[in-house]
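Presented sequentially are two complexes of chain A, the first with chain B as partner and the second with chain C.
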Partner chain A sequence: MTTRPDVHSGVIHDIGYRPYTGPRLGRRYATRSLYVQSLRAAFGLGRSGKSKVLPFLLLGGMAAPSLAMLAIALFTQQREMPLDYVDYLASFSVLPQIFLAAQAPVLMSRDLRHHVVPLYFSRPATRGDYVAAKFAAMFSALMIVLALPLLLLFTGAMLAKFPVGDNLLHLLYGLVSAVLYALLYSAIGLLIAAATPRRGFGVAAIMGVLMITRALASITYALNGGFDPMRADSASWVFLICPSTLVESLVNQLFGLGLDNSATLHAPGAAGAAVFLAVLLALTAGGYALTLRRYRNV
Partner chain B sequence: MNTTVARLTARGLFGRRRVLILLAVPVLLLGIALFARGSDLDRLDLAHSVLGTLALGTLVPITGLVVGTGVIATEIEDGSIVYLLAKPLPRWQIVTTKLAVAIGSTWLLSAVPIYAAGLILYGAGDDVALGYTVGALAAGAAYSALFLLLGVVTRHAVIAGLAYALIWESLIGNYVEGARTLSVQQWGLSVAEAVAADGAVLAPVGLATALWLLVIVAVGATAYASVKLAGITLGGEE
Partner chain C sequence: MSTVIKTDGLTKRFSRVTALDRLTVEVESGVVGLVGANGAGKSTLIKILLGLSPATEGTGQVLGLDIATQGPAIRERVGYMPEHDCLPPDVSATEFVVHMARMSGLPAAAARERTADTLRHVGLYEERYRPMGGYSTGMKQRVKLAQALVHDPRLVLLDEPTNGLDPVGRDEMLALIRRVHADFGISVLVTTHLLGELERTCDHLVVIDGGKLLRSSSTASFTSATQLLAVEVTDHPVDRDFDADAALTARLTAAGLNVRADGSRVLLVEIAGDGTYDTVRDAVDDLGLGLIRLEQRRHRVAEIFSTRSDEDQDEHERGDGAGYDAYRAAAAGGEQA
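And then the complex of A and B:
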């Protein structure tokens, strides 16, 4: 039996499905959201209580000595802080390093392991935007950790009525050094973290690179006669191999801090400072470029 | 011991390109030993700073950390441990097998290069190289057991281990005398002191204390890790 076409012919009802016609917030909005979300993730905000413990412990550990110094300076009527701003960052450099090692994989490895990176790239934000947002977030998080104690120290110095101009200048030196640390650390940390989807391995690799180069630099420095009474400037070239000594010696040389003290690390001379700065910028740019390259296909 | 588990663990640890990263440590140590050989500094001081500070103080803990957490924490983190736990194997055997692999790898990656570096730097005299090697064997075993326990107990094993090695042993240990009594590194050093010739290596902790603490930490950590693994809950992502 044949059926007549008009009996079974379906009817398409318009039940009012409509495409989204509202405003599309676009690429910049997506990038900015990724930045804000990553920065919050770096401190464990918006995540479980457990993941807030470590970042805030490190932030507190970084700030606590400055509060102690502030108290000492206020109550013992000293003329200046026990540690200068730049020295402060150098003395407690291990805490921002642990912060970087712990949180860089939080930003990068987790996305890789759960295969959500392609989802990001299916939105208006491009690969370049993704890396830029993550870099900016890591940089900002490190800046918070590094600059908070400096600002506390400065507040303390103002409360204790230390000379304003001098303190302001040294605070600026400290902030410049914080920017350099944050730039270099972020570039290195994110590159290593992006290389592995395993968080634990990323943490160990970042810390391993920072610690081993540090140990290597100090031993090579000693081998080249860095601790001799008649210290040769050439020994200081080894500070190039370790991120933390690179920044520390560059900043000390640039601003002429502690030039008469043989225990302070220095880049070798003005030409040395230029080379150190060039290496620092090259490492940062290189790390950033390699991270970009890593996301070229995911 | 279970050979299959051991084989799989070793493959997880050294597979792919990971072995290249792990090999960086011994290569670095031998490189610096060769480099330092040409220096005109005092040989014994040099041996102390390379074998003591760099090797026993930095490389052994880092290797122990990567290997100790690598044998179990990565499996717990990515959830593949359930396939192992579902097998009819006592949990303590899983722990001891993985520990054996971890200790073996730590020894291979740190103690053996330390001996070679010691020979290059100082020669066999005064048993300095041998002392540091035995110290690294003892410390490496204790670190492996300790960091394997951390891997079972917490999801942040690497960070906790780093905090212990960096903040407690290095930072606080440098300033506070008492902290050295509770530091694996110093126990290893006192073993090194006992093996090396009189006065060649100095350690702040007595040998008897160090040996007892080493045994207690290694055995205690293994036993506790077995208990913890027996009742482990596999949590989700935080």
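And then the complex of A and C:
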């Protein structure tokens, strides 16, 4: 025996417990971390591969037509886009709706279902911070989905040398419209998603609310002579009940878009636009307040 | 020793029930057991201590911070392990604990480093990269403990940490809790409705029942009120019908000792003095029996509850054991401490 017991070729040191002496960044930082984590989760990042499929499919589905339109516009040497920025969002409005229905429960119901919420509340961030971070994350995610095709369209328009001023103005209209969609959708979607720990229920309920109100609005609009050649402005009041038509008709009226086109939805007159805007803001604020209330006793 | 938790007349009333009733208690650093039946108010107390739920009346301090006004500061320095499952199944332990560290205010790099350290300390190695849905209950409890410790709090509140664990897992968890204080220097408040495990782990016990404080004192004062000697003997080597236990009980009682049976075949003898050991040895030898076991045993904390429920009855039946009265006297003395 030549090896002495105290000779080792390698030793694993147990360095024991090391206390943390570094900075503690507090509540604002925690809220920001929750925002980033939630925004990533909305696109399935940091989660399983499977959960990335749907959000990116929807993002792609939202952006792809804009590329196709660009290609056609360039190829056929047109002087303007077949669809304006605001019209684009209205035409493809179902995709952001599906995104909302699928991903709002990812942000809210999962935390409820797996009882993670009490863990958050046992840390510096408050209930208000939690709802704010989640709302900001949902809003940002929707903005990415809504604004990406608009920015692609604008880039294409610049490449095709369409008039800059006009395009810039209409891009702005489109972005305002995107902000309004994102605000209202986030408030409604998160409120519904926060009501149930079951993701499936959340998805179905959000989709249901958006689809049924849309159908109701269309039917009532038609019954009130909305599609008649001499349509009465009063028929347009029904657009108030549906989130997507509310934003669409408000933006069109606000910016005077397609006023000569009977197929374009409009809020009834200037007073109507004011009411529509007030309702939109009230719904957003109300949804947010109710979501806050929901977490008061968790 | 510094005061970690202090409450003064803490009361929490819900519309129908009073969850906490004028609770006044002071707890020093160390491992403290919060004992009470289900619905005794343990979880309510934890919520109030975290500043999550306002007390109806009374005041309290955690780490010298006021629970009513300094909730965020408390929550930055305190870790909390909830009773229920709180782990999303599609996320790995590492990712989850890193996120929770950042939610406690740790910068990203520190959060990752502390997560690796903490998961190692609670005994989670390669499996920490797998989604938590596939973890055993024991592993899940470890992750829950890790997320409570990751930001190096000065106090952790552990709500039923041994729930759902098998005996081995339970012992490991208790050893871990002991280490949290002994090695990590973090004070621990641990709740349970199982008393046996607390007396091995805790320095101090707080017993609440129906929202009221029953007792708050050191574990030693609960358990050392009277010393007992557990005695176990063999059957008589020749005479099969000889009742060894009965004979020994008779002998020892005759010698002026208090003897009672504890389950099958174990006799508990109260230690009157050093001579007791000799008396037992000689009695066993005289009877020609073999001595299997002769060990000191302390009173179990569980006896507080069994004796309390007998209390009313006992008022009428004085003298059903001097030992019990002695124990109660000692317990009353302990309350002053």
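Following the convention adopted for this analysis, the second predicted complex is superposed on the first by the 277 of 298 C-alpha atoms of A that agree within 3 Å, B and C clash if a C-alpha of one lies under 4 Å from a C-alpha of the other, contacts with A are read in each partner's own complex, and residues count from 1 in each chain.
Following the convention adopted for this analysis, a contact is a pair of C-beta atoms (placed from the backbone, for glycine too) under 8 Å apart; a residue touches a chain by one contact, two chains touch by 3 or more.
Being a predicted model, the structure only gives us computed values, none of them experimental.
> Which holds for A:Ser48: it touches chain B only (first), chain C only (second), both, or neither?
both
> After the superposition on A, what does A:Met108 contact: first (chain B), second (chain C), both or neither?
neither
> Have a look at where A:Gly208 lands relative to chain B and chain C in the superposition and call it first, second, both or neither.
first
> Which of the two partners, first being chain B and second being chain C, lies in contact with A:Tyr17: first, second, both, or neither?
Second partner only.
> Kindly classify A:Leu100 by the partners it touches after superposition: chain B alone (first), chain C alone (second), both, or neither?
neither
> Now for A:Ala222: first (chain B), second (chain C), both, or neither, which partner does it touch?
The answer is first: A:Ala222 touches chain B but not chain C.
> Do chain B and chain C touch any of the same residues on chain A, and if so, which?
Common interface on chain A, chain B vs chain C: 47-48, 51, 110, 114.
> For the complex, which residues does chain B have touching chain A?
So the residues of chain B touching chain A come out as 18, 21, 25, 28, 32, 35-36, 39, 41, 46, 49-50, 53-54, 57-59, 62, 65-66, 69-70, 73-74, 77-78, 155-159, 162-163, 166-167, 171, 237-238.
> Quick check on the complex: what are the chain A residues that touch chain C?
16-20, 22-27, 29-30, 33-34, 37, 46-48, 51, 110, 114-116, 118-126
> Looking at the complex, which residues from chain A come into contact with chain B?
That would be residues 47-48, 50-51, 54, 94, 98, 101-102, 110, 113-114, 198-201, 203-205, 207-208, 211-212, 215-216, 219-220, 222-223 of chain A.
> Which chain C residues qualify as touching chain A in the complex?
50, 52, 72, 75-76, 78, 80, 82, 84-91, 95, 99-100, 102-107, 110, 114, 117, 121, 131, 147, 151-152, 183-185
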